[in-house]
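Chain IDs A, B, C and D follow the sequence of writing; residue 1 opens each chain.
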Amino acid sequence: MSNQNPVFIPGPTNIPDRLRLAMQVQTQDHRAPDFVETFAPVLEDTKKVFGTTEGQIITFPASGTGGWEAAITNTLSPGDKVLVARYGVFSHRWIDLCERHGLDVQIVECTWGTGAPADRFEAILSADKAHDIKAVLVTHNETATGVRSDIRAVRHAMNAANHPAMMFVDCVSSLASMPFEFDQWGVDIAVSGSQKGFMLATGMAILCVSPKALAAMETAKLPRTFFDFRDMMAANASGGFPYTPPLQLIYGMRESLKMLFEEGLDNVYARHTRLAEGVRRAANAWGLKLVAQTPDLCSDTVSAIYVPEGFDSNELTDHAFNTYGVSFGIGLGELNGKAFRIGHLGSLTDVMVLSGLATIEMAMADLNYPIELGGGVAAAQEFYRAGTSGHAKAAA
Amino acid sequence: MSNQNPVFIPGPTNIPDRLRLAMQVQTQDHRAPDFVETFAPVLEDTKKVFGTTEGQIITFPASGTGGWEAAITNTLSPGDKVLVARYGVFSHRWIDLCERHGLDVQIVECTWGTGAPADRFEAILSADKAHDIKAVLVTHNETATGVRSDIRAVRHAMNAANHPAMMFVDCVSSLASMPFEFDQWGVDIAVSGSQKGFMLATGMAILCVSPKALAAMETAKLPRTFFDFRDMMAANASGGFPYTPPLQLIYGMRESLKMLFEEGLDNVYARHTRLAEGVRRAANAWGLKLVAQTPDLCSDTVSAIYVPEGFDSNELTDHAFNTYGVSFGIGLGELNGKAFRIGHLGSLTDVMVLSGLATIEMAMADLNYPIELGGGVAAAQEFYRAGTSGHAKAAA
Amino acid sequence: MSNQNPVFIPGPTNIPDRLRLAMQVQTQDHRAPDFVETFAPVLEDTKKVFGTTEGQIITFPASGTGGWEAAITNTLSPGDKVLVARYGVFSHRWIDLCERHGLDVQIVECTWGTGAPADRFEAILSADKAHDIKAVLVTHNETATGVRSDIRAVRHAMNAANHPAMMFVDCVSSLASMPFEFDQWGVDIAVSGSQKGFMLATGMAILCVSPKALAAMETAKLPRTFFDFRDMMAANASGGFPYTPPLQLIYGMRESLKMLFEEGLDNVYARHTRLAEGVRRAANAWGLKLVAQTPDLCSDTVSAIYVPEGFDSNELTDHAFNTYGVSFGIGLGELNGKAFRIGHLGSLTDVMVLSGLATIEMAMADLNYPIELGGGVAAAQEFYRAGTSGHAKAAA
Amino acid sequence: MSNQNPVFIPGPTNIPDRLRLAMQVQTQDHRAPDFVETFAPVLEDTKKVFGTTEGQIITFPASGTGGWEAAITNTLSPGDKVLVARYGVFSHRWIDLCERHGLDVQIVECTWGTGAPADRFEAILSADKAHDIKAVLVTHNETATGVRSDIRAVRHAMNAANHPAMMFVDCVSSLASMPFEFDQWGVDIAVSGSQKGFMLATGMAILCVSPKALAAMETAKLPRTFFDFRDMMAANASGGFPYTPPLQLIYGMRESLKMLFEEGLDNVYARHTRLAEGVRRAANAWGLKLVAQTPDLCSDTVSAIYVPEGFDSNELTDHAFNTYGVSFGIGLGELNGKAFRIGHLGSLTDVMVLSGLATIEMAMADLNYPIELGGGVAAAQEFYRAGTSGHAKAAA
């Protein structure tokens, strides 16, 4: 029965029934009118989730990593300089990808638990009089540490430095769960995926690209075919795809957008904030520290929580899985063994989160953590029940 | 999202993914060999769940009520006398059905919260020297009160009275969740359904019939066609059905049996006992009383819990549903407004039950019940976590 | 792969993807408002398919046979006289059911291949000056012979005889595929099921009941509980069900109605007529005779076709199933061995029907029937392609 | 209803029910043991389909195009020379991809309708004394023309020339439908996808890589991250994935392999040959010419068929889709307007193919093609029915 329990990993997320059904599409001819009529509105509606009217939506049958690769290869040339801060496994991976593609990566090392350092970016960009830096890469939500960076602040820094670099943002684990303002924040490419806030199966990279980034395509010399924006945009323009499209995910995306809009994006964000705050209060009740260093840095989609000195977080997550059949995120990179993560994004309710908190409490008690059974649950309950005016039913 | 929460009604129960897929069968010709090869083993395997080698399994595309009607009409004649105790809504309904079919129903009124009164049955049966009583009707698990009756004791009473009446047992909400011993207990007809312990959609009445009850068919004069055992048995004998069979439920039943046997019936029963005990400890922590009057009467599939004096249980279940999107059983019959019910049967884990307990706690707190948030949860957690040797993974 | 072939039995019919998904509903609390909001419109919309504004829709979790039993037991008393013609297996079964329930059945024997004998009914009814006959029972579409009876003519006969008997109609294999006019034809109870024109799984009997038949409930003395109209109507009135409802089928029914209305009932009927006519032309091209004796008797949902003298129709259907993986209807009753049946109702297109015709042609050729490969197919193709103005796409 | 018709495009192919259910997996933690236990055998079993014991299976969440890109970028460096013949749209696309990645592509132009020119390859390779050519690229089954190339012959040519170049083969539309012998043919990289012979949704590129190609990874300088063999192999070695895996497709792949092995690969190939031959006989009966120039070149998965002079193949496929709701492949590239294609691969039976033939016949008749209704169907029927020893049931 334990496979009926929800997962609390920070993605892929629990797929709601409605989306599982929506993805169960029989093969259709993707050259037929039906596909065209389905796909075009999906692209259009996705803009609302990115907060854009000017951006171009581009999807690939790939994962978020593929989306990053598409962002880089369509806009940059070998030897181009990019600026990026490292504050977790996912920002690190992006750096690695850039280096493998022959870019000149200027890395700003940050303590894990902090976010994008707008001030240091500003200093560096101001110093780059020659405008060698072609792009600033920012991970909006660092899934490894549960830290949300302030993208608006990065944009302000870039503006303050009066620097023309493009800004690329990884919003894989934030989009459709936390507010995103592509146009307002001046993002040039935002990269996301199907398996987080969109609550779908893994397999679709979803990008939003600004006119400025599109213009960069013309001179970009990094090789690409599968991930070429130009082929995709040309095919999409007539409702097509340059190769076989991931039909099931496109139909899933259509229904996911419908669900998000029915709940209302603001309500979706508010739900994530509420779920997250409950988890944070539980952690506090357990006397455990979040990896995120300050409250303003706390992600609303995932919380990374330090285990007490002398405990091994891998043992905790293994025990929770083996004994209670519940998956939590392990500590990644330098946090391995030191922290575990509770994913609280996508298709989740207060009720489901409480089962996760109750479970990890049992696991902690089993392993002699100095916590009280029911303590974290009660802290979350107290928060969830305050102001109960119909919220839990909102997305029924 | 709230429709992703599990339900805590005492049936229909949460359908596990595996069974939802198993029931998603495309139409096949039920006169073709494939159907025969599927159906015969299902009937055979179902015997194990009833605990019988001598009984005959008979199914109908109907609900449990239809199963009751089949039991009566195939074995009795207008005016026949039956003995039955009333201790809840479901035992009451059976009485009503008998009366509508022109039977002479001798009713033993019992306090709700108690079970089948073996001693009073013995007295009545002993006094029935003429053996006018043709059948004793017992509800194994009274879903309205959360009381499990002792069927073995009823059999002993009948034997002690040396009475030849048949014994019919309603095990709709107990079969496949609590031990059932058709042969050992000397049951003549047991009536169950697809939507409780079998974790399937509603729509199949499942009966087990003893040779003695089959013999009674020959003289029974109550009219029946749809529910006629003879037609069904004759058709089943060659793998057929006297009318269009409920293919989806039959395939679902095949998979359900597979799941039950993979987990192991004893493990299934132990899981239900464990889940139930956690709920009872939570109720105790809340200071609330069970409807079941003594511990030995407590059902392992549903707990009926009195709300404190001055509170309305309907308000509680409504609030839980409207605010948190979780369904609990309401109080039925004379318990309406006075008790609510937590169903804990079928496809459920400790983890899922904890979410139900956490939810009803929040609802009680919202309505100013004198309970402590986290209190019931902690009591259940403490019990669930004790002896964690792999139990939760058992039926993964 | 052969289980991917459509079936050509006259029900249960091929379930379209859309309905398979619609029936894949997770358990919900049937006492909750969502169920009420779903169920009431389903009952209301079903009226359109029956062609009624005055009739009451009543459903049971059962098969069509259960629907017949409900019709009888709710309106008649033991010893009541009913008039019915026997012209196939299904009209025969209804007679059998009436007899088992102690009714006095006046049977009019008709040649199989003919339909309800309005003239003989008129004579008998006219002669029944005492109005002993309480109901006339008519099978609208005799599935065994592929004959559609003229219900309007039966009504005229009853009116001409100035007889007050009720008229009950079995429309199991015609409703939602061929026109039905409950009000205009003066039907008192019409009985159908979920697994034919509604294209759903088996398991729901669907009845339409006139005010006159409802009035008869008050005096009807045949025992019933599971099938009691009164309990069902009382519960339905507040959106409920007197026992656990077949949730999956109710949600399926909602979607089925939506599909029927999207295609348009008139287009649905026209499609069935077109599909049927193609099959009839194929039979003609093969030189085979239909069981239906005259063109006006031909059913649009199933064609029963005589095999030539000296051939065994069972061998033909067995061969088609075993060799090509396609199910056709066997000859039933006195037609066993002499005729086979092609079901052409529900979720079917011209294209699918052509595959059935091509298959039975191969099977006939294999068994040395004097037919030409492609001959029947060509006759059907010629008909299907004539007037191709978008018809095939109608219900896409 | 027309969306219930099978598609006759050469991929994505009709998804059988069993695989649609298999892909309907709820999210699991891909870092948990269950995933490891599922994924490793999938990789192992896939080898059997490629006909290899030495090759390494590598999958990516991408389309076949992504697979090509992976093949190139993991083994070659900018400026490397590759030899490839152009005889259709898909061989052309591969050339385009190589050129975009800065390779030096030596193109052998061939008439469309022919296959890989082993003799011309041999001459070129023999002349390449410096062994500048690093790889020979061959499209096994050119989906645009319905031509199967002789890979063994290409290997013989390479051996005859005593040339050390690697051989890369596109088997996207042949694998799991036609025999493939990775080891025997000396293939170095074979590229396929989930949506053709594996009968799954689009979204997984499936490669088989020889030890020689793996060795080339070490020196290959084309940039890659998402498609990097090394990351994937390192992660796979411990049952993991370098990024979020496409869980649904992996579970689907497991079931697909099970289906293929249950039917037996030889039976799968024989079925495709039989289906294809029926289509070819139909084309012949229509008096239409295949694009494939000689019988030995004919693909068993797709037939490209010239329309007569003066007719527009696009009009034909549009009409078939718009009027009868059936999708056929259009003519691609220089064949656009001149030929249409019938895909006959994956989850298909004789019965289903006959419906496709009957449909295109109707469409041709509607458009005044000089064909006889039923003629092509009869030719296919005659072939399909010859030797009916249980073949059609093989994969039931």
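List of remarks:
Keep this in mind: a residue touches a chain if its C-beta (ideal position, glycine included) is under 8 Å from a C-beta of that chain, and two chains touch if they have at least 3 such contacts.
Everything quoted here is computed from the prediction, not taken from an experiment.
Between the chain pairs A-C and B-C, more C-beta pairs are in contact across B-C. Taking shared numbers over all numbers used, the chain C to chain D interface scores over half, which places it in the same class. Taking the mean Cα position of each chain as its centre, B sits at the greatest distance from chain D. Each chain gets one centre point, the mean of its Cα atoms, and the points for chain C and chain D are 45 Å apart. Separating the CA-averaged centres of chain A and chain C is a span of 53 Å. Once the centre of each chain is set as its mean CA position, chain B and chain C turn out to be 35 Å apart.
For chain A, the set of residues that touch two or more other chains comprises 3, 14, 17, 24, 26, 396. Interface residues of chain C facing chain D in the complex, by the touch rule stated above, are 1-6, 14, 16-17, 263, 271, 322-326, 347-352, 354-356, 358-359, 361-362, 365-366, 372-375, 377-379, 381-382, 384-385, 388, 390-396. Contact residues of chain B toward chain C in the complex are 3, 7, 9, 11-15, 20, 23-24, 26-32, 60-66, 68-69, 73, 78, 96-97, 100-102, 193, 195, 201-203, 222-228, 242-249, 321, 327, 330. Across the complex, chain B meets chain D through its residues 17, 21, 24, 26, 34, 396.
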